[in-house]
Amino acid sequence: MSNTFGHLLRVTTFGESHGPAIGCVIDGCPPGIAVAPEDFRADLARRATGRSRWTSQRHEQDAVEVLSGVYEGRTTGTPLALLIRNTDQRPKDYGDIAGTFRPGHADYAYWQKYGIRDPRGGGRASARETTMRVAAAVIARKWLAEQHGIRVRGHLAQLGALVPGAFDWDAVEGNPFSWPDAGMVGEVETYVNALRKAGDSVGARVDVVAEGVPPGWGEPVYGKLDGELAAALMSINAVKGVEIGDGFAAVAQRGSEHRDEITPEGFLSNHAGGILGGISSGQAIRASIALKPASSILVPGRSVDLAGAPVEVVTKGRHDPCVGIRAVPIAEAMVALVLMDHALRHRAQCGDVGMVEPRIPPAAP
Amino acid sequence: MSNTFGHLLRVTTFGESHGPAIGCVIDGCPPGIAVAPEDFRADLARRATGRSRWTSQRHEQDAVEVLSGVYEGRTTGTPLALLIRNTDQRPKDYGDIAGTFRPGHADYAYWQKYGIRDPRGGGRASARETTMRVAAAVIARKWLAEQHGIRVRGHLAQLGALVPGAFDWDAVEGNPFSWPDAGMVGEVETYVNALRKAGDSVGARVDVVAEGVPPGWGEPVYGKLDGELAAALMSINAVKGVEIGDGFAAVAQRGSEHRDEITPEGFLSNHAGGILGGISSGQAIRASIALKPASSILVPGRSVDLAGAPVEVVTKGRHDPCVGIRAVPIAEAMVALVLMDHALRHRAQCGDVGMVEPRIPPAAP
Amino acid sequence: MSNTFGHLLRVTTFGESHGPAIGCVIDGCPPGIAVAPEDFRADLARRATGRSRWTSQRHEQDAVEVLSGVYEGRTTGTPLALLIRNTDQRPKDYGDIAGTFRPGHADYAYWQKYGIRDPRGGGRASARETTMRVAAAVIARKWLAEQHGIRVRGHLAQLGALVPGAFDWDAVEGNPFSWPDAGMVGEVETYVNALRKAGDSVGARVDVVAEGVPPGWGEPVYGKLDGELAAALMSINAVKGVEIGDGFAAVAQRGSEHRDEITPEGFLSNHAGGILGGISSGQAIRASIALKPASSILVPGRSVDLAGAPVEVVTKGRHDPCVGIRAVPIAEAMVALVLMDHALRHRAQCGDVGMVEPRIPPAAP
Amino acid sequence: MSNTFGHLLRVTTFGESHGPAIGCVIDGCPPGIAVAPEDFRADLARRATGRSRWTSQRHEQDAVEVLSGVYEGRTTGTPLALLIRNTDQRPKDYGDIAGTFRPGHADYAYWQKYGIRDPRGGGRASARETTMRVAAAVIARKWLAEQHGIRVRGHLAQLGALVPGAFDWDAVEGNPFSWPDAGMVGEVETYVNALRKAGDSVGARVDVVAEGVPPGWGEPVYGKLDGELAAALMSINAVKGVEIGDGFAAVAQRGSEHRDEITPEGFLSNHAGGILGGISSGQAIRASIALKPASSILVPGRSVDLAGAPVEVVTKGRHDPCVGIRAVPIAEAMVALVLMDHALRHRAQCGDVGMVEPRIPPAAP
């Protein structure tokens, strides 16, 4: 709990946004996985705050140092420790906020919990913490791909008022918004630019899909795969909602419409999002999250200071018009970590079970 | 994990839908809580499957036997074991399903996980398991009310196509649908009756509100209060989505609109649903869930049998036109269990922290 | 923690000595294990308090009811719940002790922890709780034997002043003291009878050996196999010491004497007790425990009552001259539970590792 | 489990003996504890391998860097990460051992578990890992002292054949062996020097005492205070036995002798070692450990290489004639960590319980 994620593949993260460093310890990792420093670069770059003018202008190298757990390029089964030094500390940017509680931030909640808080850049509540989730998930993604042929990928599915009009995985890779409709990218740019000029922000919806997950993963009834995905995704900064499969759309559906019928050739639909009774069905796992609009904006807001007196808050410094843009690799990371944890848990309990027949193919697209 | 819920207040449930009994063990319970058998009756009656003609026609007495952990009417700090005998076992109702995989059910997923399944009434995947969640939460609700003045209550917020046109907590108590709009109850009845005649089902949305939660509960970053509420609520049978506060509506909001401004007199809104940075803010905690339509319907559906051959499935026997109707006390139960667990966790770590100022009142309604 | 034992094979016990029932929930159990009610009888009989005149004269049938988790004679992967009704409740025997703190018992400690205690027969602190450990371990022993050919067995190695002069596993089975020296059984009887007449008790030493454990089980550094065996064995009532291999005898040994040398034909000795660096070496695992003499004796002792006033305590009712006699199956049970838990944990993390060479045979006896 | 210790105060350690660094993450720490870098120096110096010619000649500065969790000199409630760079890496010393399995070491067990091992200085199995236990316990010792007035200290109680003839805590501090008999220190020096010349080693016994622990800490039945102390102490490198109170001496005691009688003025003895039924009694907690003689010695020993062929092993490089000498602060550290974890667990569950009467004073010495 608290700063550790997972049951058998356990990731413990540490570090404040503007402290000396952030890092993580990955425990329970199977031995023999090939790991090289460059494995971390691509995913961390996707998440990096300074990757484009569409996200906040912080420039971190985010160079990962592997402190332990790897020998001659392979994991040994002992804990991996990853470390990233914070090279771009600018505490003066945040000097003002030490004395106030920013509306929509964790400032007041931390203050009430601990009676003390580290105000430098949001401290532990900053999205900088998610860097280590992405770094840790590099291991999980490699293992899932190598051992099970699983691919986990995501895309933006809504950005404020904008909804994609078309869907293409190739388009997702081709623009800085992970937007699946190539023809709308210009419109998205204009929209985000207008937000930036207005000093305001919007929310976003992100979809993640995991293909290749075999049936049988997940632990009923309190370790259900969807339950743990929900916890993992809701733990990402700014997330306010989680859906599996059709999610809230299922409220208005009929049972005769929602249930995914089965034929020997495969499932005929995937309303369930690949999970039934908390256990993977062999279909693609589909999860969606809602991210709230960032609260660090230039529009003034009312709040109180440490003495309880009213103040007006304007958050200067770096901002994201939409934090959802860089949430895509983070959401993918959390899904990958949950899946690998469950893969290990499944073989722990059910390693005695041989091949189970009949095996139903996933739905045709 | 698996069949245990919670970290410090730990509830372990057991039992199959049509086995000899269901039960739970509640560990970590503070000593000195007054507990009497009648404490369980009201909440279990609200959840009971046979409570009205609007839910499936199973008649269980659901008489809870307290096997341990209570001495002279008070909890002793040792584990409480609760037991309910299954008196209304009707395995013949389900004889057909042993040989097939019902679409939309956990049958196939269990089969692939374990290579064996208990087909009597859905076995462990049945919603009967949730009886023990409600029973265990009776303790949590009492403790939360007595120690902190917290009240947890919920209501139906959508039923298929129907959305309440008005809201009144008093109305919720006054009808078998936990429907908050007294003027619509006749319409809801007609709607559900039509579904029953059609042998079909619909989904539902349930809202839960916890009032009186003090600021400071929740453990960043992987034990966030919203993250654990998400896991708890997603673990309820048929749930496909979870929202905290505005949830998915936040996607289209502006930051200047969503962030809850603060004045010395209180918060000016509660878009966050009472949780910031994973920690309670002192405002009412608001969570919503989406329940899918039940898959046990009279409308025939395609599936395969244990040999993989195509079959047509019609689920005879008891059905719920909408499982959301009896999900309200279950959702309340999970929220109460999460809150009490976090209350204990908070005082474990932060019991050294005294009164923290300033304390901001929750928003006016 | 608290009333749950194990990480992947998790046993949660409940019930007070003279409450309505005791029981346990076994979670994480692999599916497909054949389980019949009679499987529990033999082991429970070995532990039973009324088995002979050498142990306390309580007559429980100890009939185990399996409430869940088994379908058509095989485990399903869902939690097994086991229940034993307390048919021989004699609270009047213990009426006196409700008002005093018996020296050497948990009375005062429970009182200080919880501010309340169940004084009926020691409540939760009674050795009756260990019945469920033995019952749960029946599953573990079956699985370890079937999947890995492992045998776990134990014997008394000292009883007060008496030390066996010879060792033979066949002798252990042939007498009610699990004494390995057949020629001394008469002497042991005389010794225990004298104790009973004196109304006093003595301590005991129990040795447990697990043969057939493959190398590689155990999780460094805080989940070491020996560390978890130590916790498991120390958690048995009255245990005050735990040794692995040579234990305290290693204090006076030389490194050149203690380290177990290796040849291609096998280890040349087993001072380590089959565990190196917290991981099994493939040799027999040897553990020993020290049990203190029972404090429930007829010899009067000084104590205080609930008001803090001095009293003289004489514990009437049933007594064990030596609780170590029936501790043998309990110690075996805890070793079996730890081993199975570690077997599951090992294959979770290291299931990708194939056959590892070279494999060194265990030592010749 | 594995590399994390504790339930609420959770310490996760990482790092290999001759990798880039070792470190730990301390999660669950109460906020507001004053922490300065110099707090770590004294305890780490006591454990340091290069502290005297009596222990192995490795010279590490062991300078602890605090990477997170502290703001303006106080803990914030977020995880503390501590880092020590390995400045004295000498992998060439250990080049020989990469190809063989040293008898008495974890080499073979790691190889069988993971199919790979980091042979540099013993990798993760090295006692260097214990540095972080001592560092983490600095926090625990400060908190226990400040909040509860608890003092945890230890001493050598046997070294091979040598047993102290007198006992004085002041003597313990005054010599490099933590030897409690000032008059014997010369004899101990001579004994250890002779061992070093012989290239051999001996075992040791270490006693730890915790004074000031209030009654009521510990969680029956599987989270007993003695059970968790046993696990914590057995997890220290080279430990083969653990005793609480009289330990194995209780085997030969009578019940009338062992049970600690109670008077209003206090307990009359402390055979129990301050723990009854797994819960602290308010008396001093006494634990002892047996450490085996180090296996890294100059005396040649038989073993096999990676191909399974017989080899003769001589461990050159740095050695400890007795690893027990520097085990004293490590054992103290583990006791302190267990106590603080239980203090937090106790107030989580029993924070509702007020002052409990009667309170019995600990025994006069």
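Letters A, B, C and D mark the chains in the order given here, with residues in each chain numbered from 1 onward.
Convention: a residue touches a chain if its C-beta (ideal position, glycine included) is under 8 Å from a C-beta of that chain, and two chains touch if they have at least 3 such contacts.
Here the structure is a predicted model, which is why all the values come from computation and not from measurement.
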Common touching chains of subunit C and subunit A: B, D
Selected interface, A-D versus B-D, where C-beta contact pairs are more numerous: A-D
Approximate Å spacing (C-alpha centroids) for the pair subunit A, subunit B: 26
Intercentroid distance (Cα basis), subunit D paired with subunit B, Å: 45
CA centroid of subunit A to CA centroid of subunit D, Å: 39
Of all residues in subunit B, the ones touching two or more other chains: 2-4, 13, 28, 31-32, 77-78, 113-115, 124, 220, 345, 350, 353
Sites on subunit C touched by subunit B in the complex: 2-4, 10, 12-16, 19-23, 25, 27-28, 31-32, 65, 67-69, 71, 74, 76-81, 83, 113-118, 120, 123-124
Footprint of subunit A on subunit B - complex, ascending: 1-5, 7, 13, 101, 103-106, 108-115, 124-125, 129, 158, 160-161, 200-205, 214-224, 226-235, 237, 239-264, 268, 271-273, 275-282, 290-297, 299, 301-304, 306-310, 345-346, 350, 353-354, 356-360
Subunit B contact footprint on subunit D (complex, rising order): 8, 28-32, 77-78, 147, 220, 344-345, 347-353
